[in-house]
Amino acid sequence: MEPTPWDPEGATWVLDADGDLADGSAAVGLDVRNYYKALVAARCLDVRLSRMNLPMFASSAGEEAPLCATALVARDEDWIYPGVRDIAVSLTRGLGPDELARRVMSDGPGRVGQAALRIASPTAALGMHLAIAAGHAHGQRLAGTHAVTFALLGEGTTTAGVFHETLVAAAARDLPLVLVCRSQLWPSGAPAEAGLVGDSVADRARGCGIWERRVDGADPIAVWAATAVAAARARDGKGPSLVEVATTQLIHDPPAHRDPLERLRRHLDRTGQWTSTYQDVIEAEIRGQLDRAFAYGTEVA
Amino acid sequence: MNVTESMSLALADLLRDDPRRVLLGEDVVTGGMLGWSRAAADDEALRPRLVPLPLLPVSLPAHAGGLALAGLRPIVLLSTAFALLEGLAGLREIGLWAGRSGGERTAPVLFVAPCGAGFGLGDESVEALESVLARLHGLQVYSVGRAEDAVARLVGAATFEHAEDPTVLLVPRMVLAAAAPDDASNAGSLAATSRVREGRTLTVFTWGEALEPVLAACDDGALDATVVEIGRLAPLDRDAIVEAARDTGRVAIVHAGSVGHGLGAEIAALVAEHALYYLDAPVLRVGGDDGVHAAADELRSLPAQGRIAAALGELANP
Amino acid sequence: MNVTESMSLALADLLRDDPRRVLLGEDVVTGGMLGWSRAAADDEALRPRLVPLPLLPVSLPAHAGGLALAGLRPIVLLSTAFALLEGLAGLREIGLWAGRSGGERTAPVLFVAPCGAGFGLGDESVEALESVLARLHGLQVYSVGRAEDAVARLVGAATFEHAEDPTVLLVPRMVLAAAAPDDASNAGSLAATSRVREGRTLTVFTWGEALEPVLAACDDGALDATVVEIGRLAPLDRDAIVEAARDTGRVAIVHAGSVGHGLGAEIAALVAEHALYYLDAPVLRVGGDDGVHAAADELRSLPAQGRIAAALGELANP
Amino acid sequence: MEPTPWDPEGATWVLDADGDLADGSAAVGLDVRNYYKALVAARCLDVRLSRMNLPMFASSAGEEAPLCATALVARDEDWIYPGVRDIAVSLTRGLGPDELARRVMSDGPGRVGQAALRIASPTAALGMHLAIAAGHAHGQRLAGTHAVTFALLGEGTTTAGVFHETLVAAAARDLPLVLVCRSQLWPSGAPAEAGLVGDSVADRARGCGIWERRVDGADPIAVWAATAVAAARARDGKGPSLVEVATTQLIHDPPAHRDPLERLRRHLDRTGQWTSTYQDVIEAEIRGQLDRAFAYGTEVA
């Protein structure tokens, strides 16, 4: 397939625009249908939240792959430090819709952490969760465990000093830290706040001696594979990594192949794993759960 | 027109009045998160003076200070006053320039920052940081209490009426949400304190979003109260505060945010030091609830009007 | 043996007592800038728990908080208390963990920080930041007043005697330079306030390097004064403060650093709120001179004994 | 000449260990004897200060080249933001010994700024002077001047968040900012605080899209030449740059060719511009000035 102006430069993919898997080994160990269900659930949650007129809420539609992939790759003993827009991590990791709705109504959609699930609360100071995550990974390493700490961020946060100090600490002490960065693509020119300096975020991480991959966020399998490799490295004591995921926000109205759900759906369809009935069933299930949860949440709030 | 819109127009005028002025802030070229730079962005002639930057939480205040040292008059439109905590070490630095030996230079930067409850954000956005800012040297800190004063304070601060020091103007989100009265004046005005109500039984010091509920409580309770708005939070006008306390002998301090180690502590201390022999009752501090407040509970960071009324009533009629 | 050496031995013992403890800090593997980690560095068995890091001014407190969340008990040896201002946004964050919904976790980190005049450094090193730290939620702040208490406070703080919250122990440089008395106890002790002298005419609240000159001034002037050392600066022990103020009706607050918006303001406010009817004289605050102090002038940041004596004398015999 | 283990890797030089100039064009526009005098003065000042038992004072012997070169390259209209150990910048830029001594006695050797000479005061917060310098350069650019802002730092400061934010701001707005970084070499292993992550500081700056050069600090001509090119670029509107200078502190007792004064002396000697009498004269002059200044300073302090 010809790349369109919507496709990122220098980003790895394994699933082409039509959903053909170029490299089957990338999906080894991945339950693709389960992943697809998680992506659909994340999208349904985003749609639900978008309707609620929450203060400062911004849709994550189109950016679900790194959120769901991180939650799927992380093991029970690992910790995840999401950013304020990464609520889908909690849903995929198992925070029940009722509890999730309760927290959204009380704390806001950006403040959904749950110690029991080893999901940390985001911080008020931009990117400060990355520094706490680095310390957490440091503690895991000093304790001699093989646990990994994951932290999520957006490209705008990479200009903050604390992001740099996190890279430095991780590199200096070989920490089992996996940074997953959503780098939004700007079809009509990036604002200054996107912080595009140098060639890419991954490139800057490499400058600090950190292992990195830059993958296409419209390809959920590539995102999962890169995250899985990064986590395996960390678990094996090989140190920190940064997975940069080039994402297209659906609010920009991109062509369908830029939507990670549609891309994975095409793949399932081609491999005989998808029907419209299947789609209806999984959507109905999650929508029903969310509707009940938020209806109740709204009542008690 | 709401307060944000009138401030936006005033900011555009400020740019027109002095070519040294530039606007910095998140999304400043497209109007900014709150819309403060919208009017300037709509005027092609002003657009070159909207200065976009990546997110620089640690260095933004210091960067703005550098712009000022180079001869500009930067106005930094923050998305939240909390950003000043993230850049506090740099803010402290630029406050010190004037006091350094080796030649005096001042850094006339204005930071305009929304603060407090009102947008349903909770957590850090409702944390009252006045006392932290006031502890730094060489900084002027102002606050807006009533919608009709917002533009006058903005203009006064941006023209550095009092001193060419780094200046912070705190604008409560509750005030931003209000309608801008038609009769508001655009002339700059930065009184350190204003006696907005006169009375003989008690003196209430207040500022920011607490001013309106204090006035309402005094009116509703028909209290014979002097209400002093503290417009300049740092440096405090000690003499005016002490005099107003002595006038009635009963002092209450009412403000948003928790009271412990807040700015009201310094006001209470000034009263205990310089007006003690005039006092007929213990000094009273009324603020919001302690602790971090979740988004849904953010109004707990404000002293409710009922609580203010009860407290002032008891102080007036013990 | 000086205070630094005795603290160094105590730190090594603390590592031996609890394998979860680790030491962080600049040059920690070679003893640290002040020598606090020397004894630990000399013991091969402890060396793996000396954790070197690059200079991370923004993220060090947050990083240490992360270590604590992972189950360790980090002790961060800062080269100056001012570093807490550079990392303030992160420090605030780890103080909030316990208060967040979603499951309570605390971050038992201890920061040990030299503060104030004594090394001839001036400027930021003599800035008193207690009131800024006290304004943050969920933080415990302790200070050392006398050389003989340094080790006991360190041990008490490192064992989180009071609460498993992030804790700051401020150690005045004037105290560090003193000789460690032989009879100092190593048992942890973290009293929020200590009445170190009893008297009936006036009550002096003081802490840190101001404690010794206050005691000397009381002795020299044969003042009938109660002296209360505030050992825990945050949260303050309100009841003990109010009771001590009521006992004599004459209150002075003496501390290093400038008084305006300092920690003494909160103490004065508590007295004005809860002991007013017992007061026979205005509350008095005595501190160092205002402003930034150059290295050569750094002692101006301390209240001189002569000035303390004069002020207390006048309060006692008006 | 064979490189010794003391010589830095990947750092440019033009003056070899014996003082032979490999590329004459590097010194075009440089008054080499004047530069040498400045280096000698800087060394004499360092020796003088080292004897004074000043609190926290650390010798800069061996690291003078970037300090003197910056002061020589900067024009009157430019501003310089030195770090706390860069006092020699002020001496070279023309702060009189008397005033300098007065300021050392009152403010300490790290706090010698002078607005009249366009030398800023260092900051208390580590590296915060870099952020102010970036803002200053930004102001110069917005004002349409051709002035340049120089800022000095050590490699330890490059791990601080504010260094990163400075690179980002400079790159994002194409600021006329020249960063001059002393990267100390550690003959027996660097401490963690040296913050060696990635390949080099220059490499990390390049990752942010910033023009950089890494030069050998024992070669004063290479240091000057790189700084001059960086300044010319900034003046021409070509944006920010970072000059990394690999320095050897003389406290480590390196071989003589690692001393920038000795290296330049050999060059002057070879080209017939140096005699021991000349050395005696310039040393006597600056020593006399410093002795008088500090004797007086000590009296009044």
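Each chain carries a letter (A, B, C and D) given by its place in the written order, and its residues are counted from 1.
One rule holds for everything that comes next: a contact is a pair of C-beta atoms (placed from the backbone, for glycine too) under 8 Å apart; a residue touches a chain by one contact, two chains touch by 3 or more.
Every value quoted in this text rests on a predicted model; they were computed, and no experiment measured them.
Taken together, subunit C and subunit D share the touching chains A, B. Counted as hops between touching chains, the shortest connection from subunit A to subunit D is 1.
Annotation: 43 Å between the Cα-based centres of subunit B and subunit D.
Spacing of subunit A relative to subunit B, judged by their CA centroids, is 39 angstrom.
The distance from the centre of subunit B to the centre of subunit C, with each centre set as the mean of the Cα atoms, comes to 31 Å. Residues of subunit B in contact with two or more other chains: 53-54, 56-59, 85-86, 89, 92, 100-101, 294.
For subunit D, the set of residues touching two or more other chains reads 106-107, 111, 124-125, 159-162, 165, 168, 172, 192, 195, 197. With chains as nodes and touching pairs as edges, the resulting graph is complete, every pair of chains being joined. Contacts from subunit B toward subunit D in the complex involve residues 22, 51, 53-54, 56-59, 62-72, 89-90, 92-94, 97, 100-105. On subunit A, the positions that touch subunit C within their shared complex are 103, 106-107, 111-116, 119-121, 123-125, 128, 130-140, 142-143, 161-162, 165-166, 168-169, 172-173.
Residues of subunit A touching subunit D in their complex: 159-165, 167-168, 171-172, 192, 195, 197-199, 203-204, 206-209.
Subunit D meets subunit C in the complex at residues 54-56, 105-108, 111, 124-127, 156-157, 159-162, 191-195, 197, 301. Across the complex, subunit D is touched by residues 26-27, 29-30, 52-59, 82, 85-86, 119-124, 294-297 of subunit C.
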